[in-house]
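Beneath this line is the structure, given in structure tokens, with notes to follow.
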């Protein structure tokens, strides 16, 4: 353990990188929410972003698929497939199809379960009924929701329980077959049983998707993630394998945070 | 894999839709703004003709008491608008003054005295009063209020007083429901604190609730005045439409709106008689702006205090 | 002791005041219903009016009112929808937005007679549309737009931002998120606002006397070709509405049974407005339940 400022893991060429930020700075008016973050997000892994409230981890996550457009000003680069996502020539709608997001509170649309999933598909030009049916079933299976809802696909999604609704939101995102799934504290509004189901779902999903998850729940980060980034006051102070971060943190701040001495 | 990269670099259907939708909705909003500007433009242009084309002096227009646009005197038509201006102000002030105690009392019933039953009964009452069209108020005024005035005060029964009673009922729901909003925005804790100090309910209402709600109540009153000032048909039906100075409350008089509703159809566009009417409309427009300004000023001062 | 007495006294006064307000409404409604309802009959509601003799009906005026209402709503709803979407979803806070909001506020507080006069200048005189249904519908649109825009904006504002984020995060444009998700979710309150504004439009007269005109030429209810002069659907014909009719016969005083016809017309107006009020509530609630039920 050192008392140095930061420790950021850099991957060697064996690990594919899905997304990489370079000198990413985020401002709300004058206030700097994130200062110069350099982070590599490994492909087909779960990366957890942890840190105290207000540390900037959610702001960071929301900037990755430009959900902060018009809310915060983002400087620096976000590299994805040799493209800087934080530049003008990017079509944000096509980009978000590849980099989906699920939020803290489940937000199913006031439509049927089936339409919740097909709505975005149709907007992106998939209108073939057979393909839609197939995608709905696959997505719901992957989100571990199929067995619970297969008989009521035409019922309103608003009648689902919190855990089911959240898994529907995940299904709706993965039905688009994205590259990357960004999750902003997806389990914080759920009960323990739903949380466990959700975690299992995520672990299964990482074979096909790169997942970045913001969580307040440290045991959750430890259980499901492969890599963990610790944010503190707008700075990524440590990024390393999850086991290393939790058992032998290299930075004192992280040690305090993961051992519970922090605030 | 290159396909994905290419898709992100070419404008998608969504981004086209987004641009189109944004423009379309901006167009709708813009058209409303154009209408507002056009209203001011047209009526100002028409309303100024009295002073530019017909050479009436502004002071004579505002202070003259003889309204006889078809008669010319020393090169300018005889258009003294003071009778109508006075009539409008008189009727507005009287009706609002009469409505204020009723409005505040009714509002207090709904917020402090018997919030549950009060609201359950009075809310629909207010909504119904707002919903009744102004010609119906005019008709009832004509068949009930005017004869009553005739019986009590003699004369024709038409006049400022009849108009006052009709407008009183019309502005009452406006002032009341806005006063209710003002009263409910006073925090409950203020009331509890006062009651806990041993104050009676009335003392609490009078010294705490009404006082902290004053800016809101003032706004409500100005709104009521604006409605009273602009009301046309109901007033026109009971006020008597005599373009004379309102020296008596029970003698026929007129207001800006009443002269406008009866006059525009009987004059030819472009004549001095017609121009004079548009000048009255301009006064109406300016007053409407003034009431708006007053509301903004009250709101700003109220928010500064907080 | 003294304070308690004052308290009791004040409470008594407040009760009296509220009682008087309720009494005023009861007397108003009672008067109109008692005077008006006996006039109502099928022939009164359907036959044309007589200008100089007794026994006329209000059929044409009633039709005109409804036709104008529908036209007005058809014109004003899309504009109000667009404007409120821009205001609530796109407009960035700042000087320009504030100015625009103030302009809409000013428009909503303009006396309706001023709106009518403007309509007369622009539509009747400038655009040469003469006294006609079109002129009237356009004037009523001006009268209706600010309030409708505000009520739709409120309805949109009430829908949680979570829904907007949900749409955006799936790569859907804001426009489609709003029109396909937010708007449908706001339909119950939009419908309530729409019906309430319909009540206002239905009873409006001052904006119409110099736009839609004060005459009700005979109509041939067998001819629905909108281009024929005697067709009820012809938008270029002058059209006195029910509210204007009440005003006209009372200010002219030629019709011998003006009081009876006015009472009947007033009763019809009130009943329609009441129906609008009730249905706004009922429909809003039903739609809301329909939308949220499983």
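In this document, chain identifiers A, B and C correspond to the written order of the chains, with residue numbering beginning at 1 in each.
Please note the rule applied: a contact is a pair of C-beta atoms (placed from the backbone, for glycine too) under 8 Å apart; a residue touches a chain by one contact, two chains touch by 3 or more.
Per UniProt, the chains are C = Phosphate transport system permease protein PstA.
In this text the structure is predicted, and so the values were computed from the model without any measurement.
Taking the mean of each chain's C-alpha atoms as its centre, the chain lying closest to the overall protein C-alpha centroid is C. The chain with its Cα centroid farthest from the Cα centroid of subunit B is A. Of all chain pairs in this entry, the one linked by the most C-beta contacts is B-C.
Each chain gets one centre point, the mean of its Cα atoms, and the points for subunit A and subunit C are 49 Å apart. Subunit B has its Cα centroid 54 Å from the Cα centroid of subunit A. The mean-CA centres of subunit B and subunit C are about 17 angstrom from one another, to the nearest whole unit. In subunit C, the residues touching two or more other chains are 171-173, 176.
In subunit A, the residues touching two or more other chains are 92-95, 97, 123-124. The set of subunit B residues that touch two or more partner chains comprises 12, 14-15, 18.
On the side of subunit C, the complex with subunit A involves touching residues 92, 160, 162-163, 165-173, 176, 180-181, 184-185, 291-294.
Only residues 3-4, 6-7, 10-11, 13-15, 17-18, 20-22, 24-25, 28-29, 31-32, 35, 78-83, 85-87, 89-91, 100, 102-107, 109-115, 117-118, 120-122, 125, 142, 145-146, 149, 171-176, 178-179, 199-200, 202-206, 209-210, 214, 243-244, 246-247, 250-251, 259, 262-263, 266, 269-270, 273-274, 276-277 of subunit C touch subunit B when the two sit together in their complex. Here subunit A touches subunit B in the complex through residues 81-83, 89-95, 97-98, 123-125, 179, going by the rule given at the top. Interface residues of subunit B facing subunit A in the complex, by the touch rule stated above, are 1, 4-5, 7-15, 18. By the touch criterion given at the top, residues 12, 14-15, 17-18, 20-22, 24-29, 31-33, 35-39, 42-43, 46, 101-102, 105-106, 108-109, 113, 118, 121-122, 125, 127-129, 131-136, 138-140, 142-144, 169, 172, 176, 199-203, 205-206, 223, 226, 229-233, 236-237, 257, 260-262, 264-265, 269, 278, 281, 284-285, 288-289, 291-292, 296 of subunit B touch subunit C in their complex.
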